[in-house]
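Here come two complexes built around chain A, the first alongside chain B, the second alongside chain C.
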Partner chain A sequence: MSDTVALARKDLLLELRAKETLPAMLLFVLAALTIFHFALPRGTSDVAARGLLWSALVFTALLGLTRAFVAEREQGMFDALVLAPCDRSAIWLGKALSVVAFLAAAEVVALPAFAAFFHGLGGRTIAAVALADIGIAAVGTLFGAMAVAGRARELLLPLLFLPTAIPIVVGGVGGYLWFLALYDAIFAVLAWATFEYVIAEA
Partner chain B sequence: MIRGRGLAKRYGDRRVFAGIDVELADGDTLLVTGANGSGKTSLLRILARLALPSAGSLELPARERIGYLGHEPLVYRELTALENLVLFARLYRVERERVGMLLERFGLWEARNERTGTFSRGMQQRLGLCRVLLHEPSLLVLDEPTNALDAHGLELLDAVVEEPRALVVATHDPARFARRATQRLAFT
Partner chain C sequence: MKLPALTTAVFGAAVALIFFYAPTDADQGFSQRIFYFHVPIALTSYACFGWGAWKALRYLRTRDERADVESYVAIHQGVVFGALTLITGSVWAKASWGVWWSWSENQLVLFLVLFLFYCAYFMLRYSVDPGPSRANMSAVYALFGVVLIPVSFLAIRLSQHFIHPVVFNSHGPQMTGSQFFTFCVALVAMLLLFATLYNVELAGKRLDAHVRDLRELLT
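And then the complex of A and B:
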């Protein structure tokens, strides 16, 4: 566990210094919600507004995930991490924790903005967003690592991530917390079990 | 230490090398030479457990006994020298005191709190050597280790090379390692 914490701390420190990912995520989600606010007619239903919130959150997460492995890709750091004798799932978990932290930071700004632009926020929506963050980070970190290993990495991540994010949007818009929790459990186990093979020859 | 038979590497249809036999005992040094793109780096990555051979059988030490320095120093540019080594010390279960000792040895103690992205390429290479030696590996795999090193850096590298451990080194400067070499492999 200490390896996971050290790796997550490293990612947060890198972002604190570089300031590349989080500002971009904040700007994107605020811009998207502002556009939706002006694009939707007055009197739009709660469900339609929630749908747009979830769309904004999924694409904001995608933006964050495309940056998640930048240091590892550009500086060859996967080699150094893979060589270390720590459990390779610690690399996945550390990265997933940092992704959750970035998503939560973006949502601290996005959710109040959504509440101001649209119909307010219920506790169920906030709980759904928290559960969705776990699933997004679990599956997105795995796909992010796969994209680093692949040739068409800019294409690969959206192609892999967006289809698997559909259940998150379904569960989020419908407020099905049990469904999101089940999604988290299934994909966390799958990602944990397969990450080692993904980075075996990244 | 290393026993490889009939090692081959292919990338798709392109054959990089085939039929390589490697046998290395404790204290042996394998000197790998050859032109750019001849397969030196591919072989070294296989021997460092970073890649799999396309064919052949291979016995290698455990990951924690291998130290690998590639073309990049493999340190985070946004972290300081100290933060980088403390991170890897934790991952390798190495006492933190060893970090300070290595920084001193490689002349980086004064720069320990500077981000490595601001380092010269030679300083980065020296930090890469610190990272590689952190866990006192019994097999050292060095790919073009003389890159960017100044005269003092080369002296420090020579001292590392003289230490008693198995060594695999790919280089365009074979004369520097000739005295220590017990085996040679020339790629064409």
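And then the complex of A and C:
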């Protein structure tokens, strides 16, 4: 457990010092919401706008996930992590925690911006976003580790991640909190159990 | 080599049954006969993905390279059958509803999601250099796929209202005896076709690996 916390802390500290990912995510989500404002016809229903919020969130998450393993890749840190005497699932959990933190930080800006640009948000949507973050981080961290091992890298992650994220969008737009919780539970367990294989021989 | 002969025989029987034995649907007419292709192909595709995931699990357990190739071949066949499902479903939708694609047809949408997911499997596989690392990742991704099937199914059910004719419900199949018989034969024919193609492709892959080994020995 302390390994997990140390790894998550490392990621957050790195981001605090370098400020590479989070400002990009914030600008991206604001730009996306602005584009959506112009893409929507005037006087569109709330439901349509809420759908756009979810696509903005998924693509912003994708942006963060693409960056998540860049340091590990460029500094050859995977080898060090695999050699370290810690449970390999702790690497996944640490990275997933830091991804959740990034997503939450981006949404602290994105949700009020959405409320100001389009219309107010209910508690249900906020709860759905929080649950979706867990699912996105769980699946995205695993697929991010896979994508970084391939030659296509940045190209590969959206292809791997987006089909799997479709149920999150369905649950989020419909406000099915129980479904999002179910998704989180299933994929978190699966990712936790299989992460070891993904980085074992990377 | 008895399987290809058996497949040919059962497939021929299935085609004969579909066109000459099964009754013409009172509501949809002749075009309903595509049902006997569409649904067995879809079920076979699920069987392929399931088999691929099972082999993936075997690989992660045993680290046997053969299981990795078998998993890949099964998923490859699954994508081929999945593409056929999309095409036959589209044709059927055009014939009975007048549109090529209907978002409220949840089986078709599920296949689209799965098709996208499993196409990314090939992107992943061909983006990583051959070796245990690639086999591991492919296996993990195959396992995610088989879990994604029920989750996506539930998601699509939640998101849509249905105009899809539900043939199987809690009261058993809503078909007459002759329809059900034709359907079963068609399903067996498709599964046999999968088994044959699976064997052929697997033999090819093994031959490929064998030739590569020999070439390495020679050089």
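The definition used in the following text is that the second predicted complex is superposed on the first by the 202 of 202 C-alpha atoms of A that agree within 3 Å, B and C clash if a C-alpha of one lies under 4 Å from a C-alpha of the other, contacts with A are read in each partner's own complex, and residues count from 1 in each chain.
Keep this in mind: a residue touches a chain if its C-beta (ideal position, glycine included) is under 8 Å from a C-beta of that chain, and two chains touch if they have at least 3 such contacts.
These figures come from a predicted structure and were not determined experimentally.
Student: Does the superposition put A:L190 against chain B (first), chain C (second), both, or neither?
Tutor: In the superposed model, A:L190 contacts chain C only, not chain B.
Student: Just to be sure I read the superposition right, which of the two partners does A:G76 touch: chain B = first, chain C = second, or both, or neither?
Tutor: A:G76 sits against chain B, while chain C stays out of touch.
Student: Looking at chain A, does chain C or chain B touch more of its residues?
Tutor: Touching more residues of chain A than the other partner does is C.
Student: Quick one: is A:P163 in contact with chain B, with chain C, with both, or with neither? Answer first, second, both or neither.
Tutor: second
Student: Contact-wise, after the overlay, does A:V198 reach chain B, chain C, both or neither (first, second, both, neither)?
Tutor: Second partner only.
Student: With the two complexes superposed on chain A, say which partner A:R151 touches: chain B (first), chain C (second), both, or neither.
Tutor: In the superposition, A:R151 touches chain C alone.
Student: So which bits of chain A does chain B touch that chain C touches too?
Tutor: Shared contact residues on chain A (touching chain B in one complex, chain C in the other): 200-201.
Student: If we count contacts the way the header does, which residues on chain C are in touch with chain A in the complex?
Tutor: Residues 60, 113-114, 116-117, 119-120, 123-124, 127-128, 131-133, 136-137, 139-141, 143-144, 147-148, 151-152, 154-156, 158-159.
Student: Sort out for me which residues of chain B touch chain A in the complex.
Tutor: Residue positions touching the partner: 48-52, 62-64, 66, 68, 70-72, 74-79, 83, 87-88, 90-93, 115, 131.
Student: Can you check the complex and tell me which residues of chain A touch chain B?
Tutor: The contact residues of chain A facing chain B are 2-3, 6-7, 10, 13-14, 17-18, 71, 75-77, 79-86, 200-201.
Student: Under the stated contact criterion, what part of chain A meets chain C in this complex?
Tutor: 139, 142, 146-147, 149-153, 156, 159-160, 162-164, 166-167, 170-171, 173-174, 176, 179, 182-183, 186-187, 190, 194, 197-198, 200-202
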